[in-house]
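Report on the following structure.
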Amino acid sequence: MIPVILVISMCIFGIIKLAPGSPVGTNLDPRATPEQKAIERERLGLDDPMHIQYAKWLGRVAEGDLGKSFIYQKPVKDVIGTYLKNTFILNIPVFILAFGISIPVGIHSAVKRYSVFDNFWTVFSLIGLSLPSFFFGLLLIYTFAVKLKILPINGMIEAGSDSTGFAYALEVTKHMVLPGIVMTIGSLASYVRYTRNGMLEVIHQDYIRTARAKGLNEKVVIYKHAFRNALLPIVTLLGYSLIFLLSGSVITESIFNWPGMGRVLLESVTMRDYNLMMAIMMLYAILTLIGNLLADIGYALVDPRVKVD
Amino acid sequence: MLKTNDTAVAVDVNKAQNESIEGPWQMAWKRFRKNKLAMAGGIILILLILGAVFAPLISPYTLDHMDYTQINKPPSAQHWLGTDQLGRDYLTRMLHGSRISLQVGVFAVLISVVLGSLIGGIAGYYGGWVDNLCMRIVEIVMSFPFLPLAITVSAVVGARLPAEFKMYITMMVIGLLSWTGLARMIRGQILSLREQEFMQAAKALGLSDKRIILKHLLPNTVAYIIVSATLGMAGAIMTESALSFLGLGVAPPTPTWGNMVQNARDFYILTNRPWLWMPPGIAIFLTVMSINLLGDGLRDALDPKTK
Amino acid sequence: MSKNILEVKDLRTHFFTDKGVVKAVDGVSFNIQAGKTLCVVGESGCGKSVTSMSVMGLVSKPGKILDGSSITYMGTELTKMSDDQYRAVRGNEISMIFQEPMTSLNPVFKIGFQISEVLMLHKDMSEEQAHQRSIDLLNMVGIPRAEAIVNEYPHQLSGGMRQRVMIAMALACEPKVLVADEPTTALDVTIQAQILELMNDLKVKTNTAIMMITHDLGVVAEMADYVVVMYAGKVVEEAEVKELYATPKHPYTVGLINSIPKLDEDREVLDSIEGSVPNPLYLPEGCAFAPRCKFAVDKCRKERPELKEVKPGHKVSCFVVQEGQA
């Protein structure tokens, strides 16, 4: 895994270096003299050969120095720390809802294939997968926030609010509803299909026929014998959804102006805050790898045929 | 070993039933035709493509025709979808927008299918260190979440090149980041096909390598490629619209449905001029949905086991 | 004559598909006696598997056992039972083992658990009792190191071992009937011989009746007390095993038995039956075997023959045999 991370860091470094504009301009006052600019170039090591620059950067990162954010004029670490929290606040309920709904629905759809229930969710998935999340978000804002005025338009809390404790939690929850709906429906659309397919594959296996031949109750056959096997693909989905949700929230956070990592990434990209950009991309990459690792571990735990190595 | 006599060949006596033998493609087409939703999706898609191809002919106005007396007008008899802030007819922009969106979708998918098939095919066929190298590359590309990476690369590359190139940048970015799934699938297919009995049979019959690849391996992967390409196009169109919406894809004045929805970022437009952002959003939705229906139908027709 | 444990009368199981009605089992009758083995023989598609699933009550949509069919176990009419009642019988009084041992065991549960489950369900045993009994059962079916195997998973065992586990599972509750659907078809010949020998030994020990489905006449010769030959959903001949091999009467049975190569013959060409099994959606009028039959006459193509006794204990369904002695 370590070599992969190294190569990824090289790629990120390379991509950022491709970008126009230089950190000198962003770090200094535009009225700086050429001598001041030269000193800054020296300090940032911009005239060093590329691999030296990379090594220096990597060294700094290893020590925990992610540089300073030009937009926020604070250490990148602090910026990420603050806003990552908010992304989790939004994503965790979505995660729980999405899996809490899709697993039972998937099981029931598979067992009662082609029933009205199953057909409804098939249509639901189709629509959910085809509707662009940004458009869906706009429609929700238009309907509930503007026309019906029952939910806030955007942000995580009311502008200028200083509520604390329970009132604060209530405010955040209200603001979470619309973006939460957008993200939950988007994930449900694919998760339901995935669990349904996983369950369908299992239900037609020979060992389910054996379970029935043993005289077992149908509920036991489905929820114990079948589901335990369908758990295998579900566990891998759980692992992958870590990064799936995190990256999916980029658009949602942008539309709803939710102060999370996704919105910060967009800001850093449009305003060329390179330190921030690099750090966030590295973070995403590492989270992806962690998610994959979790998926693998989960799979090994649940499937006795897999040896842990 | 007992010799068998020529006359000991079994005679098929079931002529009364007149069962015709169908090839796999005919069977697939039959299955597909029965799927009404998939057919509907296909027809809608064809209509959309025709609309895009003939957009300049069927648009009521030209793309850059600006009528300063008709700024920000809601839909009317003169302008079926209203006008925007520069007095341009919105229906015209929508039709031209479909050209861009579909073009980007098609070319992005082409790039990813070619890349994916090549890399997957090479990895599967040659094995060894070639396979290892290819799979490491796949792993690295897949280590990034798609959208953030697309955003970053689009922004970085887009800033270096003039605005006319943005469409091509978007195509390339989407294409270059979406090939990994297909590569893995094709590699897997080729690996398993290599071991299968019909391959050994082909070799035992003395068929050459080239014939084996062309006539036996490839047709089995073509089904995957078709389905992957179709569903990939839906994804590409979604991604292009998202990138354009965020300002990182195709930029105005070139219309694409994504950057037309971008108008809604202006709160006043969101609230008061729905004709400026709802039609393009609905258009994206209908397009992606019909492609998904088509793709699902193709998948079910070509490989009924996965229903 | 021992009593009939299982009586099947006029069983009809049809599948109502959107392509038409498939009459998989179309009027099948036979009886099974305690401690005896009945072999149901026939080619693929003749309806023998569906017959066994019908007896177990495991026929699912679009299949349906038609009214008028009767399956009686120890005097109780199974076709009229509720789901709950049938479940009490399955795995307990009538058990089944299947053809594919590699996929018939649940890969995520331990061997011991899969056997214990049946004991705890039907015999109300506690976990420890069931666990101990599972070990005994594994010993009974000849699995070495039973104490260790009981905690292992199916993927750690070979096909032959897995089939032994299936047998242990099926016999756990001491059923009176064991339905075996081609239990050795997927196994190597030497393992096949071992499994069949095991089944015969157990049959003697536990006095379980066996209903064995097979297409292999060698298996029939080794296992059967009584044979039922099926073709296109119907019984075409039934007799005691020695009688059947000595004097097969139905042209189909004759064809089957003649097609086996015999050591003491010197032939260059094997006999085979011309043609192939009819498509169950398009069964011909008259006798289903007529299109392939060397002896068929006009009547055979127009009317359907019925199963009639032509010798004591030997029934055939064929006009040519019934009306003149072939």
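Each chain carries a letter (A, B and C) given by its place in the written order, and its residues are counted from 1.
By our rule, a contact is a pair of C-beta atoms (placed from the backbone, for glycine too) under 8 Å apart; a residue touches a chain by one contact, two chains touch by 3 or more.
Since this is a predicted model, take the numbers as computed values, not measurements.
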Among all chains, which one's averaged Cα position is nearest the averaged Cα position of every protein chain shown? B
Sorting chain pairs by contact number gives first A-B
Counting only Cα atoms for the centres, state how far subunit A is from subunit C in Å. 55
For subunit A paired with subunit B, centre-to-centre distance based on mean C-alpha positions, whole Å: 24
Distance between the CA centroids of subunit B and subunit C (whole Å) is 51
Which part of subunit A faces subunit B closely enough to touch in the complex? 4, 7-8, 11, 15-16, 18-21, 126-127, 129-135, 138-139, 141-142, 146, 153, 197, 243-244, 246-248, 250-251, 254, 262, 265-266, 269-270, 272, 277, 280-281, 284-285, 288-289
Within the complex, which stretch of subunit B touches subunit A? 136, 139-140, 142-149, 151-153, 155-157, 159-160, 234, 238, 241-242, 245-248, 261, 264, 267, 270-271, 274, 277-278, 281, 284-285, 288-289, 292-293, 296, 306
Complex contacts: residues of subunit C adjacent to subunit A: 56, 58, 87-92, 95-96, 98, 100, 103-109, 117-118, 121-122, 153, 155, 166, 169
The residues of subunit A that touch subunit C in their complex are 205-207, 209-217, 225, 228-229, 302-305
